[in-house]
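Following this line, the structures themselves.
In what follows, chain A forms one complex with chain B and a second complex with chain C.
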Partner chain A sequence: MTMLKMTISLKNLKEIADLLNTVVTEAKFKVTPEGLSVKAVDPAHVAMVSMEIPRGAFVEYTTDGEEELAIDVERVKSVIKLASPNDLVTMSRDGGKLRFEISTIVKSISLLDNNSVTTPRVPQINSESYVVVSKGNLERGLKAAEDVSDSIRLTLNGQELRARSVSDSEESEMILPKDMLKEIKCSQTIKSSYPLEYLLKLVKSLSSAEDIKLSFKDDYPLTIEFKFGQSKESESISGNFLLAPRMEQ
Partner chain B sequence: MDDLEKYRPTRVSDLIVNNKILEQITQWLRSWENGVPAKRAIILHGPPGTGKTTTAYAIAGEMGLPVVEMNASNERSSESMKQVALMASLYRDLSTFDESVKREYDHIILIDEADNIFESRNSRVGGDTGGLTELAKIIKSSRSPIIITMNEFYDFRRKAAGKDIVANSVVIEFRQFQRVRDSDYKSFKLSLLQRIRHISEEEGLQFDPSVVERAIEVNRDDIRSIINDSLSSFSYRGEGASGFENGGRDSETSIFDCMRDTFKSRDYDRILQDLFGKDFETEDYLMWIDENARSEVQETEDLESVYRLIAEADIFMGRVMHKQHYAFKGYAEEILAGVSFEIAKPNTHFVKYDFPKRILRMSRMRDGKETRRSLLTKLSRICHTDRSVLEDNMWYFRSLAKSKKALAEMQSVLSLTEKEVTLLKKG
Partner chain C sequence: MTLSGKIQIPASLCMKCRGGKLLCGLSYCPISVKLMAKKMMESHKPGRTLEGSSPPSVFVGRYGYPKINIYPSSPPFHGDTSKLEKTSEWLNMGMEEFLSMRLSIFRGSTPVEVTQAADPGRLFQEIQLMAISGKPVEVDMELEKPIGGQDVILDEHASPMGPSSPLKRISIDYGAPDHHIEKAYSDTDLKAADAMKYLYSSGIQVDRISSIISIGALGEKKRRRAVPTRWAITASDKSISDSLVKEIRDYQQISSFEVYVRPTYGNLFMGILTPSNWIYEWGESWFPGSTWNQWGDHAEIELDYEGYNFRKDYPDIGGCYYSTRLAVAEKFKSMRRRGGAITWREIYPGFNLPVGVWHVRENMRALFSSEPMRFGTLQECVRYLSDFTQVPVENWVRKSYVYPTLTTNNLDRFLEMKS
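Now for the complex of A and B:
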């Protein structure tokens, strides 16, 4: 049994848990001397998240080997509800348990069986076109579409981003012209549809982000890169969300 | 012998499944290459242990496709159906996404044991409320093949949403053979013998074909039980031979296995062992025996003594329930377990065990009571009157409901369900 002890700010731990929880309820972390990494896919294989948490993102990080930690994400969320915003959370492995120390409270949750949680293979994705939008704008457009359909169709050309949802009886569309976009790189018109509920949940869970970068192409997975914590590369938590495209007629 | 999982076939050629069945499934999957077919789901129904789930996985594995599964241990309410089955039915699969590969569909959706989707009007009781109705909708728009497995096809078809699902699915009965004289039966037996010989060699067990043949007689086409029973009665090489009688499954015994053993095995200890690991109540056991005695027993005199025994056990049960000495339920079980010894001329043919009608009727009655209650609650809210008063004055609402206009208005104001409307018209 290896020894493992890590201390992280509540804010970062909460964001990590929220991000994972948009996709799964259980996740398996890979622990190395360099830090933690995790990959997870939802049961329908339409939403995936992969995340790197370098040792620099922790206040304290000690391990003497490599191991895997299968964790019930919802349990973690309920444990850290006990903390106040500026608290530090110390987690250590205690046999089959993960022990939390939050100011005056010590609480242990049991770890899951490593074989019961699978780690997905992350596909090779390369899409050159992308757009950076403010989180507020994007969230508004997605919320407008929320009760219309299960999917949202993104259309991007050099001039604008459109996000449109249609059902038999209703429709909703957001149009963001070039001057309302933070950045845009797109040489031709591309369009693809994605699961709306997941997209909205992902955007909401990125609590510290101001802008969201969407990369995609025709009927191709959507990539959302994220980065939070410290601004220094070796101390920031980073990763990708992937959403599967809808099969078109 | 707890880890037989590793011998579960992963290739289609290793399956012990009737070729005609395999041919139908692969043909249906192939039809997707010419565009989405009219029937986007396939129902595989048959007794437990016949390889329905294993077949689905082997076919998907051979095509290199992942399986998106919703089984009985998952919640299968309409919300979860949307989250998993609906999403998987319309979107591509990230776990195998590859731009250079062009596929008609990316994964196979498996709804395992669909007859165990437990629907109830009351979402507190029925964890899977709305699940079947949602599944019926999903099937109509799916872009991925959906495989649905179940044991009880005929009960399933009786449900409203079940009927809809059946109408939009290819239906295949998972029967390995029809009669013991069939050539299908011979090839089934041969493949099983080969498979069990292979496993026992791997596990270092003494293979004995006569044990397998007996296991096949007892378990019919339940491959899982045949393999488990055979292997558990083989002895390790070098040790003395142990018989089939000593072997036993210690896993949970389903009511079907238990029925078969109770009526056919004539092995009292084995039946008691089954009952020890049972996953149902003594009351259920009693009602199942009562329901199925008629189809199992052929001679009138035999049936008479069987019923005498059931009656005796029932008296015990009555007293146990009355005094609330539940620990004594075991006595009723031990009486019932001897039912096969009352049968002078045992039935050697396969018997399809039915679900007790009494339980079905009771649940339907409960359903009716619930409808009445919810209708009265809705009326009482708008009339500001107690339910019991309204109940005495239902004649008024019944005559009101005779006018189409009034009925339509009541329906929209009270948002009545179909069942409530029927009840309202009847009074």
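Now for the complex of A and C:
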């Protein structure tokens, strides 16, 4: 068995756990000397998350080999609830357990059987068009639609982003003109619908993000890239969500 | 005794029909029901007393909640009356027999506060003990008003019940409860959800469990409450199916799609089990009234669903959502396999008497105990069902949540796609 010890800020660990937890309750990390990586898909195969946590994102990171670590994400969330905002969390492998040291507390949780947690295959998704919007604006638009329908239709052209939901009796629409968008790259009109509950959950889980980059094309998975932690490339945690489109009926 | 006053049928129609053709468009003949009920109650002389063997049966009303009425109930005759409360035996009865049987259950009422279940007075406690009794209970009631003549209760959740009168006095000769029920009743530290789970895994029928939860005889002592019958039925269907689904979610997946079809009088029940993670929907399509010329035209579909992590709110579609979910979970549990489920029901003109969610639960159980057709794709399953449905199957698919989620609305289909 390999040796593994890693120390990370509570804030980053919490965000990692929250991001994963929007999609799954259990996840399997790949551990290499370069850092951790994880991929997970929700049980209905509608949303997927991939994340890289380079060794530079840790305050301390020691391992002498490669291994897999299957973890109950909800248990991790409940353990780190014990920490204060500025705490550092040290995790080390202790046989079949993951040992947490948080300030004055030492706590161990069981690791899961590696065979019981599968790592999904990730589709090759590539959209040329994208838009960067402020998280506040996007969340407001999604919340407005929440009680109207369970899906939301995004329409992007060179001039604006629209997010619209309709039911038999009601509708809700957010219109963000170009001057309210941080960035836009789109040469023609593209449209695609997405499940609202998932989308809202993903956006909410990006707690440290100010802006959200949405890439998509007609009836195609939505990619939301994220990056947090240190700004330096080798120290920042990065990844993306993929969200399956809802086909219009 | 009168049936609910909403039913008005011209006498000329009845004379032509004589109960044989159901020309009125109902799924039962009200006159036959009345006659059969009368026959069942021959021994009962209308009056202020009622003697009989209670199955046991206690109804808990919901009007005025949390100040409600509880109704110890009994037919006016003696013997093994247990089938009057055993929903699993009702499915194979004719509608007239079923109704007349249920309408023969007379009810004495007494007002309580729901919270009194935690520390009941003598009468309330006796009624609790009556409800948990393992065998029919001899009761002798003295009532304030002569019984007979009142309207009967037809409620879409609870099973139909006979007339009632406020209770003056009751003597109950209750027997010993089943060993497991006794244990759950006397364990005042056991949470209600755990108690229900325990009773279910000990082989107690879910309709018994809901009647025991309803009289406030389960749960942590201080939190015991009387729960209106209709809420208790759904609470126990939900709670028990929750724990079953949590259990089956980790089993190995079924290997193909399984389609089950059950046409019954006035109804079509359908189920597709899917080789996937847990995902579930319940859809109902009610045909408009009993107007024959609208047959097949404007049947609206209502549907509710959940993903792997269940629902957060109560489904608009009502209690049948959970009674069907229980039947689905039981099926997976018996196979020791996991999967998802599409469950649909069509209700045809004439089937317009609310008989209670038991009807759906028992029909869905019967549905899943039949031999399925197996298919490799969901498209084939739906094509097969199109031979049975009166609603165009495309309408079902358009309203479905599970169908698009497992076919088009997921990431799997992008796996092989070149970007």
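Operating definition for what follows: the second predicted complex is superposed on the first by the 248 of 249 C-alpha atoms of A that agree within 3 Å, B and C clash if a C-alpha of one lies under 4 Å from a C-alpha of the other, contacts with A are read in each partner's own complex, and residues count from 1 in each chain.
Throughout what follows, a contact is a pair of C-beta atoms (placed from the backbone, for glycine too) under 8 Å apart; a residue touches a chain by one contact, two chains touch by 3 or more.
Source: prediction; values computed, not measured.
Look at chain A after the overlay: chain B and chain C clash there.
Once the two complexes are overlaid on the shared chain, A:Met48 sits against chain B and chain C alike. When the two complexes are overlaid on their common chain A, residue A:Ile190 makes contact with neither chain B nor chain C. Contact with both chain B and chain C is seen for A:Pro221 once the two complexes are overlaid on the shared chain.
Comparing the two complexes, residues 41-48, 121, 123-125, 195, 220-221, 242, 244-247 of chain A contact chain B in one case and chain C in the other.
Residues 41-48, 120-121, 123-125, 150-151, 195, 220-221, 242-247 of chain A are the ones that touch chain B when the two sit in their complex. Remark: chain A residues 41-48, 121, 123-126, 195, 220-221, 242, 244-247, 249 touch chain C in the complex. Those residues of chain C that touch chain A in the shared complex are 276-279, 307-308, 398, 404-406, 408-412, 414-415, 417-419. Interface of chain B with chain A (complex): residues 66, 68, 70, 74, 82-88, 90-99, 105-107, 143-144.
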